[in-house]
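First the structure, in the form of structure tokens, and then the observations on it.
Labels for the chains are A, B, C and D, by order of writing; each one numbers its residues from 1.
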Amino acid sequence: MSYLPYAVAAWICLVGIAGIATSKNLIHLAICLTVTQSSSYVLLLSVGYVRHGKAPIFLGTKLGTTAVDPVVQALTLTDIVVSVAVIALILALALDAHRLSGTVDPDHIVDISG
Amino acid sequence: MLLATLVPLQAVAFALVALGAPVVVLTRDPLRQALVNGIYGVSLVCLFVVLEAPDPALSMLAVSGIGYPLVILAAVARVRGHERSKDEEKR
Amino acid sequence: MSWIPPLLVAIPLLTSAVTAGLDHVTPRPVQHAVVIAASAATTSLAFVLLRHAESHEVVHWFGGWAPRRGLALGIDFAVGPLAAGMCAVIGLVVTLALIYSLTFMRASPRLFDALMLVALGAMCGFAMSGDLFNLFVWLELMGAAAYALTGFQVERLGPVQGAVNFAITNSLGGYLFAIGIALIYARTGSLNLAQIGNTLSHGPAGGLVIVAMTLLLCGFLIKGAVVPFHLWAADAYAVAPAPVCAVLGGVMTDIGLIGGARLYWTVFDAPFGQGHAVGDVLLWLGMVTAVLAGTMAFLQRHLKRMLAYSVVCHIGIMLAGIGLLNSAGLAGAELMFLGHALLTAGLFFVAGILHADHGVVDELHLRGRGRGCWATAAVWFAATFGLVGTPYVGIYLGHGSIDDGASELGRGWVLPLLWLGSALAGGALLRAGARIFLGWGDSDDSLLGKAMEEDPLERDVQRPLLVAVAVTAVVLGLAVSVVPGLGQRAEYAAVRFEDRSGYAARVLRDHPFAATPRLPVAIRHTSLESLLYGASATILALGLALAGLYRRRLPRAVSVVARRALAAPIHLLREVHSGVVGDYVTWVAVGTAFVGGTFALLLHG
Amino acid sequence: MSRRVRLLLLGPALLGLGSLFAWAIAGLPAFGDYRGPYGFVLNRLVVPLRHTTNVVMGVNFDVRGIDTMGEEFILYASVVGVTLLLRDETRSRQVERRTRRFRSDTVRLVGVGMVGAGLLIGLWLMAFGYVSPGGGFQGGVVAAGAIVLLYLVGNHRDYRPFRSERVLDPLEAVGTGGYVVVGLAALVSGAAFLTNLFGLGTPGLLRSGGSIPVLNWASAIAVTVAMLLLFAEFLETYVVPLEPEDADS
């Protein structure tokens, strides 16, 4: 039995969270966020993989050939679009933070607390 | 056996991705990180291909080759630009 | 009537796209009219849907992909009375906020309306969806709209900080949720909630399901701002413009909780419904949230930040109601949601009026400056009493129902803590009201921390309109406890919501609906216990407010002891709410690990 | 909270999360042993029922079409949000910085060639997405990237129509709104929202899949325009000082 692929996904997720939590630059942080999100693609696609399965595109292959799960691929596509949307928003916020406070260090853009 | 059912190619792709993630996170300079992130993106693309997922692979390729770099580089450039113009003002 | 559910999403989204597209050619008044009309139409359709959902399960399979032999293929919106009621309230609050912003946000960029409509459509979709991944899509959509709405007043750092913290913690929550989806999909091979529940009802649950549940629930609890995931909420709601706060604080936070309840009752009741472990974890989280956020509310001087903590406090009470896992508890959470959404929106509207009048929303700076504004003062105090749970006003009925649920379960000890939380938050709001509108109390108080700078707002607002909107929201919110028949209908909705196998049969196999019982049209009675608790919470809130106002006149011995006992914990609390996103992300990790560990200990073996 | 305290909390938390993940993984079917059923049922149904040979796109634009509608709107909301967030930034930089650009003819020629190639690839991905790998999103990103390249290698005038909000905003509405309109059309005709109403055509050809191509094109337009707006917003009036000539000016 092989669990390596799932372990890779979990590893990426943890590494990403560690990166976000310790980041000193919002741009760096946004990229770490996409790394964290990439763990969900890896997990989804690994889950839907079938041994000796072909891609779920039946152009030139007969219907009924063993193919991998198409749903996880559709979900991954949506997930990737989400990641672009989120990174754009966070980078825009980072630029605003920089304009207003002269820094992109999330530890130093604190205006309110307590 | 951990690797018994993995086709060697898949094992390599998974290993590359697993190595790539910490490198991206540990690269603290955003400009270099953007580059490293691009390479990480390509390793994800390879992984998707060996997992028989051409559509997500294309999508990832488009995003990590065009989408991410353009916004990240623009953001980095603007932040640096601000800093530079501020320096000029000081002078 | 199954054509209504998709419209609740399609109307606001299409209108949003069209207004943004024609932005350069439409005159502003036309644009506003169209946007408000779309929002009002969505609200009215939601009310029509509510009528039908009472006697049917309104199921809409997108693309006509109905299940085949009990196997779900497409995505469904499955609407019972609870989901329809949620949509109606969401629509109402958004419509009120849009009317309010007609004059309040006059200088705002034009795309503001478009984003509000996106948020409306996303929230309606989230309330109705019966598909796990579809829930994620709506969650991300409402997030994307909300981050920008929070941070778009980009003249000051505060809004940017709030939006950054909001965006990063909530995105992370979304990703945890996505991992949970992948795990569940691996186990069950399905994304439809009803079908996942059916699959999980056979066979052992195991670690996979427990961890998946942890990730999915934590994803929603982050959106729902439950301790320790609540930290972003205070930063975000303190800085967003008042009408945005009304929508985010009034309905968007609560919706995360309802999502969690839906997940439990369609999916995880199947493997874990035998014991009460899941419910107990939620119950404890709820209690801690209520008391902690109540305390934090009392320590604020910035009105909107105070309101943000008050929102979190009530979220805790609602979560406790959900965690009781019985129909009375859930019905209580529903009724509280109704009252809380409208009253909180009303209070944010008043805060906005004060901001427009005086340029600040700081309690101490505003001391005595609200004298003579009787309408706003009345709205503020009425809404506050409604939120404390004074007998037969506002959230009282909901709180009473939660009380019944707790007693039914033999967990009567929950009640004092929950009432303490609402008394603390209410006491803070009363204190602020008395200081601002009556000029009572000292003009300085070191307990409340330092002032936050605020942008003065443009002054030429049409005040009557703002007041009218606030009055409408608060009157509707106060009435929740005395509308005849509402309590019984909420209870009926809860019973249907918690009937997992019935829901699955109706969704997947199109089973006919059992006849609806005839529901009485009378005010629901609450127990004597609730009446006493409600009354004492009101008295406690008044006492706390007075103590806060005249802290210096307390007997010396009392104040010294209080300072010794409380100074350290208060300092610690303030330290934790640091405003730094790295800390918040750490707390997300800690919280998720803690919740998961607790589930593992309680459910395994 | 100091960084040290944060790290002290983070370490055990990640350890806990890691053990949770490990516990979950132990319950997963081994890699390659997945047994469905959802995806495999769709693998058998989508081609005969919808005549789209690319099942992933069939899932995206038909079976789970409402997800993709949400996805288009996430991108749309992000674009609107970024426009709102950066409006001050751009307002304060109305004065366009003049920088020298690539003047060498060969560089420009290569650039123009790349622009053309990128556009062609993008269009190809869009057009054949539901037959072979590709689709509206991928094609849209590539096409938008190619157009931005035009901005980098060409001069501003070539690029101007592609960043004018007066042109792009209505197009974005056509894309995202068009998706909803296709869904509503089905609803009006009495079927469920987003029901596939058009003729299904022959599998493997461009005229296949009924409303799938329509939705595919709608999302292709939406994505291309959204990406252009995003890039424009980030690059707007501020010329990226990456050119070496600019460094010493």
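Throughout what follows, a residue touches a chain if its C-beta (ideal position, glycine included) is under 8 Å from a C-beta of that chain, and two chains touch if they have at least 3 such contacts.
Every value quoted in this text rests on a predicted model; they were computed, and no experiment measured them.
Of the two interfaces, C-D and A-D, the higher number of touching C-beta pairs belongs to C-D.
Here the spacing of subunit B and subunit C, counted between their Cα centres, is 37 Å.
Subunit C and subunit D have Cα centroids separated by 32 Å. Centroids of subunit B and subunit D (each the mean of its C-alpha atoms) stand 17 Å apart. Within subunit B, residues 5-6, 54-55, 59, 63, 67, 71, 75, 78 each touch two or more of the remaining chains. For subunit A, the set of residues touching two or more other chains reads 1-5, 13, 17-18, 21-22, 46-49, 51, 55-57, 67-68, 71-73, 75, 77-78, 80-82, 84-86, 88-89, 91, 93-96, 99, 107. Residue positions of subunit C with contacts to 2 or more other chains are 133, 137, 140, 144, 147-148, 151, 154, 163, 183, 185-186, 191, 578, 580, 582, 586, 589. The set of touching chain pairs reads A-B, A-C, A-D, B-D, C-D, using the touch definition from the header.
Taken in their complex, subunit A has these residues touching subunit D: 1-7, 10, 13-14, 17-18, 21-22, 46-51, 55-59, 63-64, 67-75, 77-78, 80-82, 84-86, 88-89, 91-93, 95-96, 99, 107.
Subunit C makes touch with subunit D in their complex at residues 2-3, 6-7, 10, 13-14, 16-18, 20-24, 60-65, 71-75, 109, 111-112, 114-115, 118, 121-122, 125, 133-134, 137-138, 140-141, 144-145, 147-149, 151-152, 154-155, 163, 183, 185-187, 189-191, 206-212, 214, 575-576, 578, 580, 582-583, 586-587, 589-590, 592-594, 596-597, 600. The touching residues of subunit C, counted against subunit A in their complex, run 133, 137, 140, 144, 147-148, 151, 154, 156-158, 160-164, 167-168, 171-172, 174-175, 178-179, 181-183, 185-186, 191, 234-235, 238-239, 299, 302, 305, 449, 452, 574, 577-582, 585-586, 589. The touching residues of subunit D, counted against subunit A in their complex, run 3, 6-7, 10, 14, 17-18, 21-22, 25-26, 28, 30-34, 36, 38-40, 42-44, 46-48, 53-56, 58-60, 64, 67-68, 70-71, 74-75, 77-79, 81-82, 85-86, 88-89, 92, 131-133, 135, 137, 203-204, 230, 233-234.
Every residue of subunit B that touches subunit D in the complex is listed here, in rising order: 5-6, 54-55, 57-59, 61-63, 65-67, 70-71, 73-75, 77-78, 80-81, 84.
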